[in-house]
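Each of the next two complexes has subunit A plus one other chain: subunit B in the first, subunit C in the second.
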Partner chain A sequence: MTFAERMLRIDRRIIFLVIGFCTLLPLLYPVGLPIKISPEVRGVYDYIESLPEGSVFLLSLDFDPASKPELHPQAISLLRHAFRKNLRVIAMTLWVSGTGMADQVVTQVAREMGKESGKDYVFLGWSPGGTAVIINMGQDLYGAFPADYNGKPTKGLPVLQGIANLRDVNYAVSLGAGNPGVEAWYVFGKDKYKFELAGGCTGVMAPGLYPLLRSGQINGLIGGLRGAAEYEILIDQKGKAVAGMDAQSATHLAIIVLVILCNLFYFSSRNRARQQGQAGA
Partner chain B sequence: MAFELIIGAWVATGLTFFIFSFLYKDNPLFKLAENLYVGVSVGYTIVKTYDTVIVQLIWKPIVENGEWALLIPVAIGALMLTRYVPKAAWLSRYAFAFIVGVGSGLAIPRTISSFILKQIEDTVRPLMTLVPGEGVTFTWSLLNPASSLNTIIILIGVSSVLFYFFFSVEHTGPGKVVARTGILFLMIAFGAAFGYTVMARMSLLIGRLTDLIEFTDRSYGWPSLWLLGLTILALVVMSRRSSRNKPEEQ
Partner chain C sequence: MIFLRRQVPLLITLITGIVFAAQYYVPHPASEQMLTSVTKWLQIIGGFALVLGVSSLFHVHAIKIRRKEAGWGYSFVLYVSMLGTIAVGLWSNGKEAVDGTMTAFGWIYNFMMVPLQGTMFAILAFFIASAAYRSFRARSREAAVLLIAAVIVMMGRVPLGEYLIPLSGDLSQWILNVLNASVRRAILIGVSLGTVALSIKIIFGMERSYLGGGKE
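Presenting the complex of A and B:
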């Protein structure tokens, strides 16, 4: 058996170990590789920057703990930015399994920024119906969410003063890990009730959302951990996403090297098999 | 540090190692963590749904506010449960018909408008731009999504991929060239999607490892180090046991 053939039959656990070390080492000893801001992430940042104080910002945290590493840093950055700009924040989720986590992140960032529930922000929690909730909110916000997550009636909350439905929202961002998510917010929300919309998503979903970005259906897109890192740089508050970028680059490099090596070994063993076949004939 | 945070750190660390142990081989620790994940997810969903739907949206408004009209959707929903009674199962068709009818009515026009019409509109943009004062211009920047060059590339891509999936004409001669171009665009799209998938999976690994590094802290009681050692020990013991049992079985 040649070296190339032995390499092609290598125990896959060795590859897992290589990837594990490539991820772990940059996390322990960060290098600080530069992060370039993409126009799609800047689009979200610039729009929030352009909003006057007291504007209504709706953040829908449409993910569960399975997508936490990618979308949690995005949620933290967006909330910090919105609170820093003194926007009125309405947070909610369309995913029942993400309710507790969404409440935790909103409460944590609000406390850190000195914001008060009911006055500066409200967490509406989850309501059944998926996309129907968006339509319901477009008609009557208080019908869709009669009470917030803590059971307080939403009617009369200072943060919701002057807001009747989605038409009164100045900017909405859906952080989606699937359906219902960014697409549902566009189809049943923005397209019908005409508010400005952006999306945040997992890396897997990002290529599918670029057509919406290009056509102007959404005005910005934060894709995966990379997008979260870019947003952390923009708001000048580096967090877990920036810390993970060195590891991301290292693993990508390792995978590229592995792909090249595998191809080299494959073609080498194929050529050898052909030569042996010709010699045998 | 709060006691529940320390307990949370130990549980999260242990379950992470149990799940990662699958990378070595399938084992009872992985099965335990996997079943716990499914059970906890379902349990959490049931409790949240019961509290939000039954208590907050049905019971309280009817009993406390006298919103008796809510009994109509409740009755339609309850019809679904008749599927468990074979003789009355036909009643559930009314509930399903209602849901399918409303769902289709809401989704079809909105989906056509959002994903077909809007995307066609974006695909057939003018190939040249009319700039006031400058006349008709052609922009070459590949980095600007709205440039004329990108508009042409998108047009070629969409047309060639659509032609590739058009099976009524044999793909020979010039048709073969167009179909091959379509395959090229498809491959680039698949490559980009796979690249993003790799990025996403690595992000999940980074997320778990970041937490594991955080839980090596003394304030948590070094759960990462202790539980890593225990998991490895358990795997070694299980591996030895299974190798001892194999010759006996033979």
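Presenting the complex of A and C:
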């Protein structure tokens, strides 16, 4: 067996080790390379910036703990921005397994920004029905969520004053890790109830949402950890996403090097096999 | 019995399908009120579906344990975890925290479910790297194009890539915004047309597989 063939059959644990080191080392010794802001992330930031005080901002945290590393920093940055702008925040989730996590992030950021539940923000929690919840909220918000996550009746909450349904929402952002997520909010929400919408998603999902972005169906997109890092820079509050970008840089580079090496070994062993074939003939 | 099992569901599908397809284009208050009522039904049905899903899961794994099928131990773990979580959840009134103090249910969520799901997702990075090394080879022209595009996007999506090759950021944006978006849109339109065709077939009773294959 040639060197190239041996390298093509390398023990996968060596690759795991390389990736492990590439993740760990930059986290321990951060470099802090500059991060360029993409137009799709700036779209979300600019729209929130343009909203007047007291506007209604709906944040749907449609993900579970599996996508926490990418979507949690996005949620934190968006909430910080919305609270800083004194927007009225309505938070909720369409994923039952993400309810506790969503409650924690909303409560944590609200406390940090000195905001009061029921007055400045409300966490509605989860309601069964998936996409039907969006339509139900579009028809009657109080029918879909008669009480908030803490059991307080939603009717009469100061933060929801003047809000009857989704038509009264000024801006909605769905941080989605699958279905129901950003697409469902467009199809069942924005299309009928005419509010402005943006999306946040995991890195692997982002390419699938570009058609919605290009056609203006969503006005911005925060994609993966990179998008979260860009948003942290925009609001000038660096957090876990910016810290994780060095690790992501290193792992991306490691994968690129591995792919190039694998192709070099592949062509080398193929050429050798061809030469041997010709010599044999 | 056939009337109840076949004709009635087909009739309900036909009527609701036509009525609610038309409802979208009728902004009359009565039409909106009808939609409001029906979406409430949908939410209630969604709640029942959850109960049905859980009971079905219990049933499937109970059979596995009873017959001692291969991997029945995992089913047993699932049973114990699920029953335990349900009991603790009911005891904690479904709350992860009360007045800032974590409940037992919150403990299970924060210290078991969150790290377990996070770990499952995190190990993907290792498998992707290993799979990329083993199979991402330029065996054909199409594979070579895919390979080059992937490398550019991977470079352009991280600060180090943009630092080493400044053009990679713009190139990656162009690939995502133009090539990727147009191809995805074509697929999306195809899928949507297929969905419309399937919906019409279901509404008019030409597609009946959703009724199940029970005895007639």
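Note that the second predicted complex is superposed on the first by the 281 of 281 C-alpha atoms of A that agree within 3 Å, B and C clash if a C-alpha of one lies under 4 Å from a C-alpha of the other, contacts with A are read in each partner's own complex, and residues count from 1 in each chain.
Following the convention adopted for this analysis, a residue touches a chain if its C-beta (ideal position, glycine included) is under 8 Å from a C-beta of that chain, and two chains touch if they have at least 3 such contacts.
Please read all numbers here as calculations on a predicted model, not as lab measurements.
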* Asked: Where does A:262 make contact in the superposed view: on subunit B (first), on subunit C (second), on both, or on neither?
  -> second
* **Comparing the two partners subunit B and subunit C, which touches a greater set of residues in subunit A** => C
* To do: Based on the superposed arrangement, let me know which partner A:186 touches: subunit B (first), subunit C (second), both, or neither?
  => first
* **Touching partner for A:240 - first (subunit B), second (subunit C), both, neither** => first
* To do: Considering only touches as defined above, state whether A:251 meets subunit B (first), subunit C (second), both or neither.
  => both
* Asked: Does subunit B (first) or subunit C (second) touch A:118, or do both, or does neither?
  -> neither
* Which of subunit B and subunit C A:103 touches, first, second, both or neither -> second
* To do: Answer with first, second, both or neither: which of subunit B and subunit C does A:27 touch in the superposed model?
  => first
* Go through the superposed model and pick first if A:217 touches only subunit B, second if only subunit C, both, or neither. => first
* To do: Pick one for A:147: touches subunit B only (first), subunit C only (second), both, or neither.
  => first
* To do: Please write out, lowest number first, the residues of subunit A touched by both subunit B and subunit C across the two complexes.
  => 16, 19-20, 23, 68-69, 96-97, 100, 127-128, 132, 135, 192, 203, 206-208, 211, 213-215, 224, 226, 248, 251-252, 255
* Structure fact -> As the complex stands, subunit A meets subunit C at residues 8, 10, 12, 15-16, 18-20, 23, 33-36, 38-39, 64-69, 96-97, 100-101, 103-104, 127-130, 132-133, 135-136, 139-140, 143-144, 192, 203, 206-208, 210-211, 213-215, 224, 226, 245-246, 248-256, 258-263, 266-267
* Tell me, which parts of subunit B touch subunit A in their complex? -> 23-24, 41, 44-45, 48-49, 52-53, 56-57, 61, 106-107, 110-111, 113-115, 118-119, 121-122, 145-146, 189, 192-193, 196-200, 202-210, 213
* Of all residues in subunit A, those that touch subunit B in their complex -> 13, 16, 19-20, 23-24, 27-28, 68-70, 96-97, 99-100, 125-128, 131-132, 135, 146-147, 151, 183, 186-188, 191-192, 202-204, 206-208, 211, 213-217, 223-226, 240, 243-244, 247-248, 251-252, 255
* Structure fact -> Per the touch rule above, subunit C residues touching subunit A in the complex are 24, 32, 35-36, 39-40, 42-43, 45-47, 49-50, 96-97, 106, 109-110, 113-118, 120-122, 125-126, 128-130, 132-134, 136-138, 147, 150-151, 154-155, 157-163, 169, 173, 176-177, 180-181, 184-185, 188
